[in-house]
């Protein structure tokens, strides 16, 4: 595979398609949840598609990711088929975690997805450890962690990044800074406004990008991955992101100015942005939309037609 | 007698204490504008302001520890750990600090802190959002452990926990928040360390906590239809444990079932069974039955989740086994 | 048969595995130049180098988590948590991650990590340096829990733990490091999940772990002088538990004592008592006795420390109570 | 009390006496431990007396401290009588923790000592919380935490400092940076050489001083305390310190260049430094030495003559 540092023009259409697929997928998830079809706690990343797609596109085969409670986008971007993801949300055996995980525990080990994590910060030491394994075995692989601004306050974050830098393991820590931790705005959860400072406390290389611009994300991720892969140590990749929706599906967002989300959706939608850049006409976009919407619809069909686990299956997979 | 939901009852205890006492305040993640992930503290920010209804960053260790430190200086903080699963993050502070500070100081310190937390299966939140870990804290000298099951109990016990001069780990069960019940007009403190007999019976004693109290009451009703008279007791406080009430009930019925939602193995029921077999050995006509979650992390798919945690059905089956009518 | 100390036996298992297998490595605080706070890994740095005998900063969460992450990628790390008390810091990673990853992924992952830790009273290290917390981990599906008491067992079981594809929490007892015992020339893996009958007897079964195994063997000897024949069984692995061996022993002797150093309340003995009273109900001639630490944090002053944790004396008294010769 | 920002000349003799008392006390503790008289794990802070004395001298009445496993110096400097400290090390009822605590759990609540802590980092959130209580009650008090360089790697440290800054509580975090965490040199436990950066991650005000120079410590501590007390928020006070001895009493220090400690003791002894500054002659110093040594000897007598707790006392003080 040719080593690129920026997204090729020829890829951009594909990238748009992927982001739109994630968007429509999550909108469908919202709809199905509201219809009472989906159990569990669900968090959509609507508005944050550029981060998932930009970073995952930049990965090489063999690289791995770990995600958070807001994991649908990462999971799709890392290559899990929408059918398998939707089936998981429906709790089916055909799901990517075979019905054991759910929205906050999406795994696809074969495709390098080490798993979503419902404990904020919980996946970060795992990424340090995976990167350590790559380093010890001399494999040119990188382990990538996604996490939010809220996660930068938890001890796990500090310990994991500190260790990664101390051992110069090939890891990239991707901060999706959407300025909210549930209902808590950044000003109420962090004493500093520039979260990049967090990485300086460990002497870690930091990079910054507009998380709503998929090209910028890709470019920065590529740089970060190259740095990590070349043995120079981990990188802290700070993405400036926007959460268009509530924290969880159904969140009435009493704590948030109603206009804020609308304004942000109008001005900082990564899909709109790329669409404008590609000068995609309405028809073309509609075609694309139809195409991905069909995939999403099919995934719901697939999921609904899936197999419920037997109750006793709950006693499997506890031990190897 | 007014009727309150379990959720309102928690809020009432917190608010009333905060109204009468400047030293009481609450802290936790998203408890302010959002009113907590379960809506328990909704509206309290407006009444008490952000100093006393204190949103914290996602920092379970420090928020627990800061509550302890404030308690060491005479405040009575109530710190919320959003889900029990995250008690694993605060464990060092709760177990090595709060529980032991008084002792290690030779009695110089008091640590009047309360840790509220909740969890429970029922909504498929998955393996990291629904554990029941009360047994861990029962193992730690220096802590008191409460698990309340009704609106009346949760209000009266939370009140006692706030005013107890010791660290209290206070468990609530997620599925109980909407249940309603009568409560006294004025808050009546319920002493920590006293069990509650919810229903008297002759043939078997069911000792149950949290959601399983309600399942056990259902099971008792059903058993009655089969001619089995069931006594149902809620220990309410797991530490200190009202052994006397439990033992005397079992000495009367000669049979016991212990029921909780937590994993059976090494769950609280193990301690109760160990106590009962010891103190009521000569009275027992059947082995003590334990009803709890099967030995698995909580799975996501609802059919599996429901299979793992116990319901009235399993309690009833255990009741029948003890009376030999299985 | 060579003779090794318990300390050397641990080291031998680690070193032999590291010699034969590049995937095995050890990590922990001060395990390199210093050889660990208990000298267990002394000399290993010289043989294996600092990549594989990896000193870590004081970061219990991250060191546990990094071991888990490396295990997810096919390594077999052995992470040392210096004292059990600090498992409270690593608890989130051990309990929410290591234990559940395989399950939550629907069986896609294996997590072959071993967490070695140690603790124990005897040297007055105080309340935060000597707790015994094995019971916590027995409550967590997905973990295996080992507590080895002799040089032979610790070597064979650690070997099995390292090569087990599941996370194992491996408890050592501080006071046992200097004890000596014969071990087979070549390491023989001891299956996880099998108890060991150390001494056969007819009148009462003592089930004991860690230091209390040795105290129980002493007590058994003394009891014999009084004409009481004592069977002593060490479960060795607390999860999975070899219920069959324990139950069949008790069915033979009709009496049981469970002994460990951890606090009695909600300790491992509670689970054993609950299992035995259930499975051997009709065979039991006396209530099951539990011997464990009194309900207190560990005090500093030696006279108090010795009072809190149990010794042969308490085991003997319990034996005598069960056979009615108190 | 007059508000001073530097140590008055007239106090320096007293300061020297206090540091020397701590030194002799700890040397005696080493001796008694080696003689087999003292149970437990013990850590002396020989060489670090300036930090304890300089900081504690700067405190006002009502200020509180929390200490670490290396707590003797802090405890004496905060006003606990040597008799009570020694009695504690002997496990006697007359001890400052009445025999329940031991060397790593020294408390003296009346004198504002919130306690030593055997868990690295364990005391830091407690200090944040104590400071929060002062702030909420509008009391002009400051809570001070001591901790080592090793402690800057633990999540508790990050969470506690972050919270303190976020809430601008009156706390001072005193890093006694002796470059070792047990056997692990700083280069092996931290990826950065200047640990002051740690505080920047929270936007916390930082101050630095030579921890072997008691006047410098006092001055910096005073500044830090003033800042915190005035409501401007917490301060991170970085003291450059030296550990003359092993990690614990009996530590053979196989991991450390034998010369290092000797050289440091020769060049960076805080007692020698102040003595030279005061131009104290041999006789004068010998007198001082005799005076403090007598106090130390008396403390051993006091301790040995103390009362052993009854075994059953172990069941007291568990609950209030």
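By written order: A, B, C and D. Residues from 1 in each chain.
Note that in this section a contact is a pair of C-beta atoms (placed from the backbone, for glycine too) under 8 Å apart; a residue touches a chain by one contact, two chains touch by 3 or more.
If you're wondering where the values come from, they're calculated on a predicted model, not measured in any experiment.
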item	value
Graph distance between chain A and chain D, where chains that touch are linked	1
Furthest chain, CA centroid comparison against chain C	A
Centre-of-Cα separation between chain C and chain A, whole angstrom	40
Between chain A and chain B, centroid-to-centroid distance (C-alpha), Å	36
Intercentroid distance (Cα basis), chain C paired with chain B, Å	30
Residue list for chain A, restricted to those that touch at least two other chains	97, 99-101, 105, 117, 119, 122, 153-156, 159, 162, 166, 188-190, 318
Overlap residues in chain C, where contacts from two or more other chains coincide	56-57, 59, 61-62, 85-86, 89, 92, 96, 103-104, 126-128, 141-142, 295-297, 299-300
Contact graph of the chains (line, ring, star, complete, other)	complete
For the chain D and chain C complex, residues of the former touching the latter	39-41, 88, 91-92, 97, 99-105, 117-122, 150-151, 153-156, 181-184, 188-190, 254-255, 308-315, 318
Residue ranges of chain B touching chain C (in the complex, touch as defined)	85-86, 88-89, 91-92, 95-96, 99-100, 103-104, 126-128, 133, 135-136, 138-142, 239, 262-263, 265-271, 273-274, 277-279, 281, 284, 286-290, 295-297, 299-300
Residue numbers on chain A that touch chain D, as the complex places them	153-159, 162, 165-166, 188-192, 197-198, 200-204
Touching residues (chain side chain B, partner chain A) in the complex	29-30, 32-35, 37, 55-62, 85-86, 89, 123-129, 294-297, 299-308
Contact set on chain A toward chain C in their complex	64, 95, 97-101, 105, 107-110, 114-115, 117, 119, 122, 124-134, 136, 143, 155-156, 159-160, 162-163, 166, 316-320
